[in-house]
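Note that chain A is present in both complexes that follow, paired respectively with chain B and with chain C.
What follows is the complex of A and B.
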């Protein structure tokens, strides 16, 4: 693996974990009785940026390295389902995450100027969904890494 | 200092902050709530303690993923398939879920406190022992039993400090 690819992999993982963490904090703040939407907005937009960076770096790693150098080793090893199920699921679900993160950021931005309890609850639910997807994707990534 | 040693140090700092804050959160809450009233100063002390706990959890998770990257880049991935590792990941997941459920008041404080305290100590112990002959399900069963026992002990301590009516 080249230094560039290793750097991209590191950035992919760390920005992904930060995105999950930021959504966790976003959720905690949205659930408060009197949410501070200015702070929540910063958190939600930061999560979106983190997922975009994670998305871009992983795309480059996946297209230029994973398919030719990692995937064949996993398929030939003891746990081919790590690719066939976990990576296939992870890569498709992960496509959705930046768009979910963008929707959360836009909702919170709207809520800052137009407080609405129903929208607050639905945004909280969407953030929970994004958080759960993020955790599932991260766990799949660990499983795939452990199957090489 | 190598990168691996740096990761170990950061991971231990996260664990110390988390386990320490979880312990003192319990001690402070039991002590402060013994008169059923939380003063502003007591609330501020608890808020600071919970902030330290969250910082510890954040450091623990980020350094944990640092280990993952280190193992991936050096191709030493054997620990990633061990039952201890996955039990530890599950316990950290339980800690985060527990914090969320406490935030939206979907579980009683007494239950949340027992899960939090036991979860932090379980993560610490699993991190220390590393390899074990126990399976993933056995480790989670021990965690569940320990949580119930800790719940009873905490209840006893609170009742001793205050009387049987104080936990809501």
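What follows is the complex of A and C.
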């Protein structure tokens, strides 16, 4: 693995984990009785940016390295399902996250100027969904890494 | 209540997300079942994953902008965001369910 690929992989993992953490904090703040929407906005937009960076860096690693150097080793090892299920699922459901993160960021931006309790609750639910997907993707990534 | 530009963006992006995640689920499952589609994605976008990403970005941007011209207050934003969450859950379950069935050699 080249230094560039290693750097991209590290950035992909770190920004992905940061995105998940930021959505967790976003969710905790939205659930407060009197949410501070200025802070929530910063958290939600930061999560969106983190997912965009994670998306871009993973694309480079996945397209140029994973398929030729990592996937064959997983398939030849003791846990081929790490690729056949966990990686296949992870790489595809990850495509959904940046879009959802943008929608969450826009919704809390709107809430800052237009408090709406029903929208606050539904945005919290959407953030929970994004958080759970993020955790599932990260857990799959850990499993894939450990399967080689 | 007036329909503010922010409200319009929240609505149009949420609806665009719904359409994009459903398109993604259909595209991902179909590409696994129809090799010609996966080969076309590879030939056109260098890699099938990049193709799926590019097509989803294209559809999302197109719908977000087009729907941004539609000024509507109904259904309320809370319902749209809730529906969006349901669409995302269904899409993710469809993708994960398909690969689980594929692993078990049931599809």
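What we mean here is this: the second predicted complex is superposed on the first by the 148 of 148 C-alpha atoms of A that agree within 3 Å, B and C clash if a C-alpha of one lies under 4 Å from a C-alpha of the other, contacts with A are read in each partner's own complex, and residues count from 1 in each chain.
Convention: a residue touches a chain if its C-beta (ideal position, glycine included) is under 8 Å from a C-beta of that chain, and two chains touch if they have at least 3 such contacts.
It should be emphasised that the depicted structure is a prediction, and the values quoted were computed from it without experimental measurement.
Contacts of A:31 after superposition: chain B is touched, whereas chain C is not reached.
Legend: residue contacts after superposition of the two complexes on their common chain; A:6 is shown touching chain B, with no touch to chain C.
More residues of chain A lie in touch with C than with the remaining chain of the pair chain B and chain C. Touch criterion met: A:85 reaches chain C, while chain B stays clear of it. Of the two partner chains, chain C is the only one touched by A:99; chain B is not.
Interface residues of chain B facing chain A in the complex, by the touch rule stated above, are 58, 61-62, 65-66, 68-69, 71-73, 75, 77, 80-81, 89, 93, 96, 99-100, 103-104. If you check the complex, the residues on chain C that touch chain A are 4, 6-7, 9-10, 13-14, 16-17, 20-21, 24, 28, 46-47, 49-50, 52-53, 56, 60, 76-79, 81-82, 84-85, 88-89, 91-92, 95-96, 99-100, 102-103.
Of all residues in chain A, only 55, 59, 62-63, 67, 81, 84-85, 88-89, 91-93, 95-96, 99-100, 102-103, 106-107, 109-110, 113-114, 116, 118-119, 121-123, 125-126, 129-130, 133 touch chain C in the complex they form. For chain A in complex with chain B, the residues that touch the partner chain are 1, 6, 9-10, 13-14, 17-18, 21, 24, 27-28, 31, 128, 135, 138-139, 141-143, 145-148.
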